[in-house]
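Just below is one structure, and these are the notes that go with it.
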Amino acid sequence: MTAPAGTGPRFGEEPGRSAPDGGASRGPAVAGGSAVGGLVGREEALRCEGLRKAFGGVRAVDGASFWVPAGSICALIGPNGAGKSTAVNLLSGALRADGGRAWLFGREVTGWPAHRVCGAGLVRTFQLSRELGRLTVLENLMVAPLNQLGESLFNIFFRPRAIKQEERRHLARALEVLGAFGLYEMRDSYARELSGGQKRLLELARAVMAQPRLLFLDEPMAGINPALVEQIGEHIQRLNAGGVSVLMVEHNLNVVEAICDRVVVMAEGKVLATGTMAELRAHPEVVRAYLGAAQSARAAR
Amino acid sequence: MNPYGLAVGFGLVTASILAIASVGLTLQFGVTNYVNFAYGDFMSLGAYLTFELNTAGHMTVWLAMVISAVVMGFAGVAADRWLLSPFTRRFNNLFYVLIVTFGLSLILLNLISAIWSPNFQQMPVATENPLHIGPFLLTPSQVAIFGVGVFLMFAVHLMLTRTKLGKAMRAMSDNASLAMVSGIDTRLVTSVTWWITGALSGIAGSVLAIDLGTITPAVGETFLFVIFASVILGGIGKPYGAMLGALVIGLVTEVSAVAFNSAYKLDVAFVVLVIVLLVRPQGIVASAGKA
Amino acid sequence: MQVVYYAFTLVFFFFAYSVLNWGLNVQFGEAGILNFAYIAFVAVGAYVAGALTAGPPAPGSNESYVLGAHLPFMVALICGGLAACALGLLAGLIVFRRLRSDYLAIVMISLSLVAYDFVTNYVPLFDGADGLSGVPEPFAGVFKLNANSFIFVFDAFSAVVMGAMWWAMSRVTRSPLGRTLRAVRDDQDVAKALGKNVFRFQMVAMLIGSFYAGIGGGLIIFFSGAFNTSSWTTPETFVIFAALIVGGVGNNLGAVLGSLLVPVIFVELPKFLPTIASQPGLIPEIDNMVIGALLIGVLWFRPQGVLPERKVRFDNLLAERGGCW
């Protein structure tokens, strides 16, 4: 699965996204991240320690700690109810954690709301495609860039030319991204008119448009046909080749094996083990909790 | 007599009226998951039916109220069957049915005005001498209202805990889709809930008018925000919360009328509402919020 | 001559309601905020604008209100808009971020009812139920106007105001701000996941809409010379929602059309019908019922309204670039 030359979103051409509080976003992360052991921030896209979240009496996430090396594609796997989606929601800021800490590229993001975490470089997709149905496909992408000049009332009335220039730049990039994802023909259709698979691609395209440094994918392959699975897998690898770190929650272990460098296994709200698929297949607890005997038998051959 | 003692007495009466109204509103919200903005006008309609039966029909006010409640129950079912449920089934988004209830409110308010005249009219409760009951000074009607309130709260409690219907309503309130796949006939439960909410709204409107002594088409609507305050205080969708909220709001408003100018006693309820929203929007009674 | 007078009165309300509709459209059509208290914002604009030009209440009269001053009416008009913004800011701080949409609607409608109740009872604020009257006629010093010529002049002025506010609103809805507001409307969680500070955007929509409400209210009080509580009961909010939905939510031209279809044809026009002596309120009551039924009917049969929200295309942006596309 090699990336076709010349097509696809080109990274590094646009001025880098700036986080809401003015920090630079590209290049080496700010040092001085975690004081608690482990790698220094610049080599980790994400680190979390001791994440906890309970709903009523149920402890969905119960002291989860893991990290995602910068530039890698990591998978988060585990049985249903292991707390994977909750962990993703906690880390992306959609839910408030009861406890624990998190760092994004060395910067502590514990307790940050979703839009701030996004500003720090994390973009997520949703398990059930959530396209902005009443906007067109192209509009969906045009919404994605952060801190647009045209979102400020002052600029609308006093700097219309600057807004127009920025819009043209975004538009050019959006059309390229649409082309790369095969959605160019649908650009003026309402997003709700797309097929299921196309909506999945749109969600990914929109995430790409937001120029993430770390991409969270919540079950990107769930419920779609094998051809599309392969296509999305290629997109992910191309993104990664362009410098985007990826963390994906997935049940489709073939995909995980094919494209992921590293796998984190969660069960019952905690991290059970980390490593490559091969290592995990030999791990007895992982086998028992999730993989099942058939998988490990296959590995033995 | 201690004015605060008197205030507590009035507070209990107001709380009774509020409790009937709030429980009606919150039960329906729990099952249907949207707020009926025409609820105040349902109350007014119930009050006017009671008024009509009492004046033109020459029944005692209490019997008129019962008949009015039954009629309002069916009115609630009709509104749901022919207007509200079709909208909830057709559109995914809640806002459509909210606007429809807003529109229904406008229609009902003007219908009542057209039929019965928009002016204030006297509720024919005989001029009664207030009774001394402990530290309270209440008319027999007010005592009766309190009794009706307690009786209905107890009845609702029995229904929710002892009957299949009550359990089904609680199940739907918690998780509608799960209730549906568990074999609960959600459409039937919804209809019955609307009957109950209609009946309760009718009774609430009637006792409100009896307590105020006058009746006007907007009587329910102007009381609506006090009901909202007590519903939100208790946690929207929770009947026991609504009862508690009604008690708190009823007492707070009456006591504030003694401490401050009584013209604004209802507005105090709004202040309580705002405070609750700022401090604990899911309400006093804790659980996974619908907010 | 009377007919001309009536016609130009209707024309004024067409302009004023267009402004009001645009304000609600930003809040509800673009940002998805169920502001069921909208009319209270209109009232704030009216009262403040009126009180700032009417001067302090004459001693010995039984009127009483705050903010008596003799500001020029255009300054007062702007102040009315800003006062409405202040209310919007306060309301937004309380409800946004905490409440989902129908919860928010409950609080807003309660706000409207309480504000109405409070202003009616607390007479020192804006003279209670009697409201303000005798608001000085704008342009009185500049032109010598009688009752009829005033209407023409004020209509012309309102048309200019409406034009300016149309221009401003177009810029907003066609900008990236408008697009982000629509994204917030469609799915708040997605908007947050794309880095949009939803609270800030809701607040911006609230403030813009409140400003328009205040200006509209100011125009109304200057046209009529008076304003009291009967002008801003909750059904009035409903009329504006109806106008917006019938005309087409999310479409500025639809808002204008809605202003014509609902408030003008259904509200102001029937005021000129003869009243039935035995039941004076009957015509307005039937009128209101018809509006309610009309809205429910439109929601069922054509929820997008007469002029639906326009699909956004980027063709003009592409065309100007020239070349490869």
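Each chain gets a letter, A, B and C, in the order it is written, and its residues are counted from 1.
The rule is simple: contacts are C-beta pairs under 8 Å (C-beta built on N, C-alpha and C of every residue); 3 or more make two chains touch, one makes a residue touch a chain.
In this text the structure is predicted, and so the values were computed from the model without any measurement.
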item: Per Cα centroids, the chain farthest from chain A; value: B
item: Closest chain to the centre of mass proxy, which here is the mean CA position; value: C
item: Computed distance of Cα centres, chain C from chain A, in Å; value: 43
item: Distance from chain B to chain A - Cα centre to Cα centre, in angstrom; value: 48
item: Separation of mean Cα positions, chain C and chain B [Å, integer]; value: 31
item: Residue ranges of chain C in contact with chain B within the complex; value: 32, 34, 36, 94-95, 98-103, 105-107, 109-111, 113-114, 117-118, 121-122, 234-235, 238, 241-242, 245, 279, 281-282, 284-286, 288-289, 291-293, 295-296, 299-300, 303
item: Footprint of chain C on chain A - complex, ascending; value: 20, 92-94, 113-115, 118-119, 123-124, 126, 130, 132-136, 138-139, 142-144, 146-153, 156-157, 160, 163-164, 167-168, 171-172, 175, 188, 190, 206, 210
item: Residues of chain B touching chain C in the complex; value: 34-35, 37, 83, 86-87, 90-91, 94-96, 98-100, 102-107, 109-111, 113-114, 117-118, 221-222, 224-225, 228-229, 232, 236, 263-264, 266-267, 270, 273-274, 277-278, 281, 291
item: List of chain C residues in touch with chain A within their complex; value: 168, 171-172, 175-177, 179-180, 182-183, 185-187, 189-198, 201, 204, 208, 309, 311-314, 317-318, 320-321, 325
